[in-house]
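Structures for review follow.
In the two complexes that follow, subunit A is the common piece, with subunit B as its partner first and subunit C second.
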Partner chain A sequence: MASAVEVKEYPSEPLKCWDQAKNLRKNYYEDYLHAHEKGGLRWAGGAWSFSSIPAGLGEDVYCITGEPYGATVAFFKDFASKCHDATEAAGFPRTLCAYMRNYWGSILLDKYVLTDGTVVDGHPAPDFIWQDHICCSHAKWYQLVKWLEKKRGKDVPMFSVDVSVGYPSDFTPEEDYKVDYIVGQLNDGIEWLEKVTGRKYNDQLLCDAVWNEMNATSLWAEVCALNQAVPAPLDEKSMYSLYVMGTLMKHRPECVAFYQTLRDEVKDRVKRGIAAVSTERFRVITDTQPPWGFLKIFREMEKYGAVSVGSLYTFGLIGMWQYLPDGTWIPKPVPPKKPQTRDEALQTIVRWTMHKPEWAHFYQPELKTKMMESIVKQWKVDAVLLHYNRGCEGLSVHIAENRLGLMEAGVPVFPFEGNMGDERDFDLTGTMARLTAFFESTGLKKLKE
Partner chain B sequence: MITAGVDVGAKYAKAVILKDGQVMARAKALVGFDLLKSAAEVFEVALKDAGLSRSDIQKVVSTGMGRNTVVQKPPISAEEAVSEVVSAAAGAYHVVPTAKTVIDVGAEEGRGIKVESGKVKDFVINERCAAGAGTFIEAMARALEVKVEDMGPLSLKSVNTIPMNAQCCVFAESEVVSLIHSKISKEDISKAIHDAIAGRISSMVLRVGVEKDVVLIGGVALDPGFKQPLEKELKANIIIPEYPEYVSALGAAVIAASPAR
Partner chain C sequence: MLKISWVFASKNISEKSFIFAIVELYIQYMRREDLNLIEDVFQQFREWIDNRHEYAKSWKEKNQGKVVGYFCTYVPEEIIYAADILPVRVLGSHEPPTVTEPYIFAMYCHFCRDCLAQGLKGKFDYLDGIIEGQSCIHLRQTFNAWRLHIPIDYAHYIHVPHGVQTRHATPYFTKELDKFKESLEKWTGKTITNEDLDRGIQILNRNRELMRKATEYRKLNPPKITGLEAMEMTLASQMVDKREHNKLLEQLLQELPNRQLNRKADIRLMIIGSEDDDRVFMKNVEDLGATFVVDEHCTGTRYYWDNVTPMEDRLAAIATRYVNRVPCPSKDWPELTRVQHAVNLAKEYNVNGALIIQNKFCDPHGIEIPPLKEALGQVGVQTYPLEFDVTVPWGQFRTRVEAFLETLTGLEGLF
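For the complex of A and B:
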C-alpha cells in the first residue's frame, strides 16, 4: 500500500471478438463431448501433435488436446483438487506433470469439465489416441490414458510420433533426414488411422488442414507482433484466452477465421492507440505456462502500471516466426502455394512444425536466452518474470540458466516458484510480496489499490 | 528533516526516528495478533525517547510483512509502505556505505540482496521454508531445551562438525532429537544447527552472487554463532552493524527522508 501516484492514462476498451473466442472454446469442448451423437469420431492427444493428420478422416472428427484440458481443470480449483486427490489415491506422485495429473484425475473421477466450470458426469473416452513425444511426460501420458480407459472397459488404440530430432540450431534450415524420419512416421500413421477407424483417408482434407494450420499459426504470430506497440493492445492474461485456439484447433478453418478477425481488430487498436492496460508504464514478459489458478497476479501487476506483453511461450507455442539475420522476429510467411498431395502436405507441415520456437525450451538454453533477449529488445520490455514451474519439467528445464543469461545481458529478472496446474505449489501472498519488492527495486510505485 | 521508519516484522515491530541522517531513537517489541497496536506502541516509545510527537515527524515509511497495516492509520499514519528488500538495502547502505551484498535474516524469512549505492540490483528470498530463518533456531532451541539466546554461545564452544542434512524445520527437529539420544553434546548440536542454517542461507545468497562488502542484518545477526559458519560458507568476511535488527526500520526512515520520493 504505497502512496498512490498519478500517471498518464491511455484509452482502453474490451476486445470486440472476446465473445467469439469464448464461444469457439466452449463449442470445442462440447463438440468433443457430443461427437458420437453426431456420428463423429473423437481423438485425444497433445496440443503439439500433428492435428492436421487425423483431419483427413473427415470433417466430423473432434479432438481434445490434453494440455489445454489440464489447464482448464487447473483454473477450476475445486475440481482440480479432486483430480489431484484421485491421481494421488491411484498411486501417482504429485511431482509429475500437473496437466497430465489433472487429465488422469478427470478420467479417474469419470468427470469432464466444460469451459464455464460445469462438471459433467462421464469422461468421454476417445476413439483413438494421436500423440507425439515432445517431452518425457507426453509419451507416458497417453500410455496411462490407454491403460485407464482399458480399466474402464474401452480398448483405445494409440499412435505416437517420435519428434526428438532437435530444433534447427541457429535458425538454420532443417535437415532432410530428420524431416524424412517424421514424415515416414506420419505416413505410417495415416495407414494406421484408416485401419483403426475403418474410414478411407481423404488427402484433400489433409491438404486443407495443413494449409489452415500454417495460416493460423502465422496469423497468431502477426497478432503477437502487433503487441510491440506502446501501449500494448493486448495483455498476456487476455492473450492466454486467444492463443488457446491454436492449441485446440490450429488445423480448423474456424481457427483461421478467428485469428484473421483478431488480427484485424488488434491492428485497429494499435492504429487508435488503444491499450490493454490504460496505465501502462512498465512492460514485462513471462516464461512458461502461468499458474492457471492464480491469473490474478496479472491484475495485481496492473496496479503498478505493469503489463505483460507476452512471452516466448505465448508467442512461440502456437505462433510461427522467421528470424532475420539481425535477430529480429517477423511472422513466418506462409508459402505461396497450398500443398496438393499427401506427400507435399506431410513434408510441408513437418518442416513448418520443426521451426516452432517453443522447441528451444527443450533443447538449447543458450538459444532460448538469445530468443528471449530478442523479444526484450523488440517488444520494448523492461523486465522478465520467470516462472519456475514445478508442474512442467519440459518447459522449466534450463530456466535458471535463462535467468543468468538474461541478467548478464542486463535484463532485470524476477523468478518465482509455482505450478501451472497444482495450486498447492503456489504461494500467492508470498509471490505478490516478492513481486512488490521487485517492482519497488525497479523504481515503480503502486498507482492504485 | 525528521523522519521515521516502522518495521512491522513477523516477530518484532521496530521503529527508528531519524533526524538529518542521525538516529534519534529506536524501539522494538514483540508483535501480537494486533499488528497495528504493537507497531503503535513501539512507535510511541520511540517518539517519547526522542521527545517528539507525531506532528514533528515529516514523513513515516513502513516496511516489514505487516507494513500495510499502519499506512494512513493513526497513530502512526505512515505515508508510504515499502518492501523489506528495498528498506533493507537502503538501511544497510546507510550504515555501511560500501555494502554490495546484504543478507537479512529475520524470524520468518531470509533474504539475499545485491546492492549498488543503496539500490536493489537483484534479490532472492527464502521461499516457503522456515529452515532459512530465525524460526529454525528457535524451534531447535526448544528441542534442545536451551534458551534461544544461549544457542549462539553454545555453538561457539564446539569444534566438531556434525552434518545435519535436514533442510526442513520439522525434519531437523527429529534429527536433533536423534542426536540428543545419541549423546551428542548440546554444543555440537547447536553448532550443527548453525551450520545448517548457514548452508541454507549461503546457497540462497550465492544465487544473486556475493560481492564485498557483505553485510548481515536482521534479528539472526544478533546470534553470535551464525556469523562464523556463514563466513565459511560464503568465503567472505561479514560486517554486522550495530543494532542489526533495526536496519530495515532505519532504511524505511532513510527512504522517508529521500527527496526523490
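For the complex of A and C:
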C-alpha cells in the first residue's frame, strides 16, 4: 500500500462573511416572492441586463434574474428533473439552454424554488420583463416567459435591449454610434417603464444604482485579484456563493457593502497567509458555468491538493477588468465622478458595460484566450479545466478555439463535457476518472481518500 | 397525349371544329416546348447547385474578379455586387463534419460545422474573402474558425443589429454598412459610388421580385412548381451571379403559366424552420404524394420576400430592408412577428399541414416551436416537428412523415 504523500499545509479558516452572503441571497429570492405583499413591483430578466435602470422606479422594485435562478434549480436535481420533463412535454427541444428550460419548467409546474431547496407552490409572475440580448437565447428566453405567462392569464409587458455591437479595445474610445444605439434603447426603456408601471421615474435613484453597479463590479474584480496570492484565500466553489450577489443585485447598495466587507476580509486573509484549501499545491482555473448539480468535483480535486482559484467566468461575468499597456490585467477602477443626470448615467453605464470581459469572447476567441492566458500567468495557474458546457451556447462559444489557443501557449488543458443545468448530460464517474488520470499525468498523487 | 386519334377519328367534322382541333394541337405542342424549357431551367438550377465550385471558379476567371463567401442571409449582397464582387453562400454537404471537432464544439448546429468542414476540406479554396452578417453565435464560430485556420485574404464581420424591432436599429445598421463599404473599398481599391449601389440594389431587387413571382404559382392547385424545385431555384440564386439567374427566371416566368404538373396536390404542405438545403428530404417527402407549396426558410422565401425601397441615402435604404425583412428568429423579439408571417403564408397558400424542422441545437428556432405549432393550429394547420442533423435518417423519418400525411388525408381514421 502506497504511503500518504506529505505536503505543506497552510492555515485555513472559514470566511467570516459567509453567513452574510447566504442571508443576502436568501432574502433576495424571498423579497421577489413577497414583493406584492409589500406593495412593491417584481421584474424578471437576465443577470446581464442593465438592472440599474428599473431601479429608478423606486426602492421597492425587486427582481429575479434568470441565470442564477436556473442554477439554483439545477443544484436541486430532483426539482430540475421535473422542470426538464415539463418543458419537454410542452414541446421544447431538450438541447436548448438549460437555465432557460429550468426557468420555464418552474413556470410550467407553477412552483418556485428557494435557496435552501424549499419548493413553494405558485411561480410568482413578474410585473414586467427587463432583459438584454447578446447570446441567441437571451431575449428569446423571456419572449417565451411572456408567452407562457399569457397562458396563465397574465399579460406581462417585455422590453429587451440589444447590446450585440461588438467589443471595444481598452486602448481606443468606444465608437459613439454603438454607444448611442444602446443608450437610445435605454432611454426608450425608461419611458416604457413609466408607461407600463404607471410610476414616475426617479433619475436620482438611477444615478445611485449606476454608481452602485460600477462600484460592485469593480470591487468584485478586486476580490478576485487578491486570489493571485499563494495560497489562494478563496477557492472557486466558495466564490460561486459570493459572485452570485453581483448576478442578482449588482445595482444595490447592499451588494456594494457586502463586496467591501468581503474585499477587506480577503485582503486580511492574504496578509495572514490563510488558505481556502490548506493542502494547496496545484492551481487550476475552470471555464464556463460548472455542472451545478455536481459541485463535489471541486472537493474531489482537493484530495489531490488541487484548488481552482477561479475562472474567467467567475472573474469576468460580473467583475470589470482592464488591460494596462504593459499587458497586466487589473480590476477596472471606477471613474472619478458619479453621474449626476439621466444622460450621464446612461452614457456611463453603457460605456462601462461594453467592456464586460464575458462579452468579449462572444465576438473573437482570441480575446478570451488572451484573458485566460493572463489569468494563468498572473494567478500562477498550473492547468485549465475547460467545461464544454452543453447547457450554454453563450459561454461555450469558441471554447474549442480557446483550447487550441491555450495549448499553443503551452498551458496544460483538460476538457470535459457536461451541462450546467441538466444532469442527464454529465457523467460524474467518467469525468472524475479522466480528471484523475490528468492529475496523475502531471505528477500529482492523491493526498487522502 | 396529343389526342391526334381523337381529331381524325371524328366523322362529319365541321370547319370550325377542325380549326379548333388544330389550335388545340398547336397549344399542346407548344406546351411540350414550354415543358422542355421549364425542365431545362430547373435542370440548370440543379447543375449550378451541384457544380457550384466550378461555376464560381469559372466566373472568377472569366470576370477576373473576386469571389467572397458568406454564411447568413443578413449579409447585404447589394454592397458586394456594387463592389463588382461575386457573393456565394457557403452551405454544407450533408456529410458528417468530422474535421471540425477541434474548432467547434459539437453541441453547435450541424449547419455551422458542415459549412466549416467545406472550408477545411478546401472545397472553397477559390474564395478571396469571407463575410458574415451577425445572426447567431453558431455561424459566428464558423466565420472565426475560417478566419483563423483557412488562408483567406479578407474577412469582415458585420454587427447586424438583433434588436430589429427598435427604432434605433436602422440608423445604427446604416453606420455598420458604411463601415463595411469602406472596408470593401480598402480591400479592392475601388470606390463604391451611388451608381454602384443602385446597380447592386437593382440586381438583388430584380432577383427577389422574380422569385416572388415564381412563388405565386405555388398558390395554384395543383401548383406549378414543386417544393424541391422552389428550393433549388433559391439555392441557385445564392450560388451564382444573380444577373444570370435573373435571365433564367425571366424565361421561367414566361413559360410557367402553361405548365401542368402531373401530380396530385391533395396534400399541400409547408416547411418551416432553420436553414434547410436538404434537397433529398424534399424529394423524398414529395415522392410520398405531398407537395410543399410554401416554405419559411432562409434558403427559401425568407431570402427573397422583401425588396430594398430606394432612398436618397442608399445605405440607409439597404439597412431598412434588412431591419424590416422577415426576421430570423434570433432577431425576432419581443414580438413573434415571424410566427404571424408563417401563419399568413399558410393561409395564403392554402396549406393543410406543416413540417417544422429544427436543426439540432438551434436555440432561436427551437424556442419558437410551441408558439408556432399553436398559431398554425389555430388556423387549422396541423404541424409535425422533425429534428434535423447533418444527415437525415430517412428510414425513420419516412414512417413518421407518412403517419403525418395520413392524419392530413383523414386515413388515420381507418385504423
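Some notes on this structure:
The criterion applied here is as follows: the second predicted complex is superposed on the first by the 442 of 449 C-alpha atoms of A that agree within 3 Å, B and C clash if a C-alpha of one lies under 4 Å from a C-alpha of the other, contacts with A are read in each partner's own complex, and residues count from 1 in each chain.
We take it that contacts are C-beta pairs under 8 Å (C-beta built on N, C-alpha and C of every residue); 3 or more make two chains touch, one makes a residue touch a chain.
All figures in this text were calculated on a predicted structure; none of them were measured in a lab.
More residues of subunit A lie in touch with C than with the remaining chain of the pair subunit B and subunit C. Contacts of A:188 after superposition: subunit C is touched, whereas subunit B is not reached. By the document's definition of touching, neither partner reaches A:345: not subunit B, not subunit C.
When the two structures are aligned on the shared chain, A:427 is found in touch with subunit B, with no touch to subunit C.
By the touch criterion defined above, A:436 lies against subunit B but remains apart from subunit C after alignment on the C-alpha atoms of chain A. Contacts of A:162 after superposition: subunit C is touched, whereas subunit B is not reached.
The part of subunit C that touches subunit A in the complex is made up of residues 101-105, 107-108, 134, 136-138, 140-141, 144-145, 148, 157, 159, 161-163, 166-169, 171-172, 175, 329-330, 333-334, 336, 358, 360-361, 363-364, 366-371, 373, 385, 387.
Per the touch definition, subunit A reaches subunit B in the complex via residues 1-3, 407, 412-413, 417, 427, 430, 433-434, 436-438, 440-441. For subunit B in complex with subunit A, the residues that touch the partner chain are 65, 67-68, 71-72, 79-86, 89, 119-123, 125, 127-128. Of all the residues in subunit A, the ones that touch subunit C in their complex are 90-93, 95-97, 100, 129, 133, 135-137, 139-144, 146-147, 158-162, 164-166, 177-178, 180-181, 184-185, 188, 362-366, 388, 390, 393-394, 396-401, 403-404.
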